[in-house]
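Okay, got some structures for you below.
Same chain, two partners: chain A is paired with chain B first, then with chain C.
After this line comes the complex of A and B, so read on.
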């Protein structure tokens, strides 16, 4: 008993807060809308880059050079489904790909608006921080893996594990989504206008999945939630903004959320654990 | 004259009690509905929580979707400048708390930014969230942001060098 008391005191003494940034910031300072040090670009200044004889690294360098010159709209011709194109752009930009992308396209971006007139391979827009990515055709698996913010839109079908480990942002799929959609998602929203394959929302910690069709089965700790009028209005607007021709009205969508049974997993009895995991 | 017998039934205390519990708790399953999710044993404080003396989990609804009726002119301007249709990444930003002080979490600095005392905290969560978004943009885009200093000191390579 004495040992336990000592332990409690030790933990209570530990300072878990106090990480606030009070010293660096004045609310009265000048208004800025882009990160300090970002390139000042003009959306009306447009250039084209042909990717035919370039590899991913060379193309990404050319995009950066164009940003330095103030180009706000860049069109990439002949991307040829090459991997890791348009990654690491931390600037506002209007980027258009005239073709398909390979694996890890437009990953780790923060700010740009990207339109891909084709398909995308695995892990498109993984770790995106902010911005908007529109894929006009189908997407491969792990679409929007570990997404942290922004809007990711696929007008066709998306593969398995769409939105795996996502921590924010919105993924919108105009068609169907594959198995394990929303697997281990921690925050954010997934909207699927069509059907979803097996084990939707498996081990999801938080976040919302809206489904226009039917999920084949729900994963561990994914439960149906109650939708309110405010969410319906938001959903309608989001689908409209994404220019998706969704045949299901927003009011008919179903909402799925985390049952939060896994939140205190360590405290559960073995029988309860077995029950959750099915 | 025959007196009409009163037929109104008195509400039994048990039925009214049942009604109030049905609002917050599904009696069939024993689940409590919070923010659209069916929660079991929401109120239970785990031993870990007791040990660290803090509540585990969020102190606000992280799934709250923004109401665009509450959008401020500053945020409208930001959306226009970025060329987006809506709040984009800011949809996930909410006013939370650091200790007892209202604060917004900055993912770039991995820290809470507390609301200055001279700013009055609005009553509704939607208005609070909009204020949190404004505050966060001001902080993140400031030349005084701690990441600017880090970048100035540690960035390697021409591509990521700070342009000043």
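After this line comes the complex of A and C, so read on.
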């Protein structure tokens, strides 16, 4: 028993590492007397960072250092499709990538305006809270996974599972989107100007998918909804703002929503469950 | 989470494809550090075939599971292989080796059907044919892309196309026999690399084994090579065979197949495994991640992800 008692004491005495809530809200001069991470930047102050010999961590640290110095416009040269570039920026910032990103590009951001003059790999802008990300070329799978807010724009084609698990914000795809687009989405809007592959909106809880072309097939519990005038105007404006050359007029878009048959799924009778899943 | 890559130079001119593949595979080393494999196509021989085989495992890297075998035993096995080849009428014209357990032979043989010979060679204990073909050379070993390329002197390999694989072992052991690429036994000049998991492996394996195909490892990817070989031996075109595989193989997968003048990729119905393609005028490169392709194209390029259930085939 003696051994056990000792163990319990050791656990109680243990210093927990990591950033505590206290530090998170500390009001100091460096934090500009506002909330954490909101630094004052000047958009006219511009700097360039060459990413050629840097890895993701080093680049992100450099971006952060430039931001703390008040640079409001940061241009990243030669990103070379490396992974996890430009992640975790919780500040207003004008960030420009002169090339393609790899996986998890600009993930977990809150506030910046990002322009990517190239392609992005899997899970671009994952869990973005706010801001705007424009991808000039194609995007990989899981584009805007678990998106919570802001505008995410891809001018080319997006891959499979675009907007998987999204909880808010808008994803706009100028070209086509892959299979399982809007998989398990809970809120927010996806606009696809082209066609969508199989199983669109599978198991979606809520939110809206607008499609300019045709979805190859609809997933479980995804049904066509009715467009209203307000939505047509919103769609028109959104596409115009994104500077996407969409051949389909906003009034010809189709709207897809959740059938809400999967809500309270656990309470359904087995026969009812079978009916929904087909 | 393995990494796969392929490159094809469509201009028919021989280029340094060995270095191209090494650079690409080194770029996706983080997807699989266990072993690396190359299947590359040089200028096809006018007469005869190239045989790549191994008579033992790479014991240096496998801790605990394999012991370094006595050099005398290896010598004896090589002698047995030589004798069997002679017995079956194959004449060895050239031979070389980079390691004590892996060999490269050039030989002439009376027919184009190599099944009988291949089966005979593999009766020797622990001997496995890595590849037979007119242009195909299949090299696989433990270690990253540069280690394997240096060991086998691939830096100067000239050819038209090639595929490669960096492996993170999930379903089977870390050894050479479970490493990719797989040669489509006994179909000359066909090789496969695969990223994913197949879920109807045993069912399919039993069917193919009953038709006389041999399996050397318990690695699920081996079945794709055998499956493609089976289809092609029935006269089905590569592209059609790959399209059939999308429905007949279950699981999540992206794989690349190469033949003497083709390179093809296929992606499953769920689009669960990654693939990025760059289609240039003279060169097509595909890999699990763009960062691999960018190792041979440092400038900005336009790439895309293929969609689900997509099959693409390029010709030299």
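Here, the second predicted complex is superposed on the first by the 241 of 278 C-alpha atoms of A that agree within 3 Å, B and C clash if a C-alpha of one lies under 4 Å from a C-alpha of the other, contacts with A are read in each partner's own complex, and residues count from 1 in each chain.
Following the convention adopted for this analysis, contacts are C-beta pairs under 8 Å (C-beta built on N, C-alpha and C of every residue); 3 or more make two chains touch, one makes a residue touch a chain.
Everything numeric in this text was worked out from a predicted model, so none of it was measured.
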Contacts of A:137 with chain B and chain C, given as first, second, both or neither: second
Partner chain(s) touched by A:208 [first = chain B, second = chain C, both, neither]: first
Touching partner for A:187 - first (chain B), second (chain C), both, neither: first
Partner chain(s) touched by A:94 [first = chain B, second = chain C, both, neither]: first
More chain A residues in contact [chain B versus chain C]: B
Partner chain in contact with A:118 - chain B first, chain C second, else both or neither: second
Chain C-contacting residues of chain A that also contact chain B: none
Chain B-facing residues of chain A, complex: 7-8, 11-12, 14, 16-17, 19-22, 24-27, 29, 31-39, 43, 61, 64, 92, 94, 111, 113, 129-132, 148-151, 168-170, 187-189, 206-208, 223, 225-228, 230-231, 234, 237-238, 241, 255, 257-261, 263-264, 266-267
Interface residues, chain B side, partner chain A - complex: 33, 35-40, 46-48, 50-54, 56-57, 62-63, 65-68, 74, 77-78, 81-86, 88-89, 91-92, 98-99, 101, 103, 106-107, 109-114, 116, 119, 135, 137-146, 148, 151, 159, 162-164
Touching residues (chain side chain A, partner chain C) in the complex: 80-83, 98-100, 102-103, 117-119, 121-122, 137-138, 140-141, 156-157, 159-161, 176, 178-180, 197-198
Residue ranges of chain C in contact with chain A within the complex: 269-272, 274, 276, 289-291, 293-294, 298, 300-305, 307-308
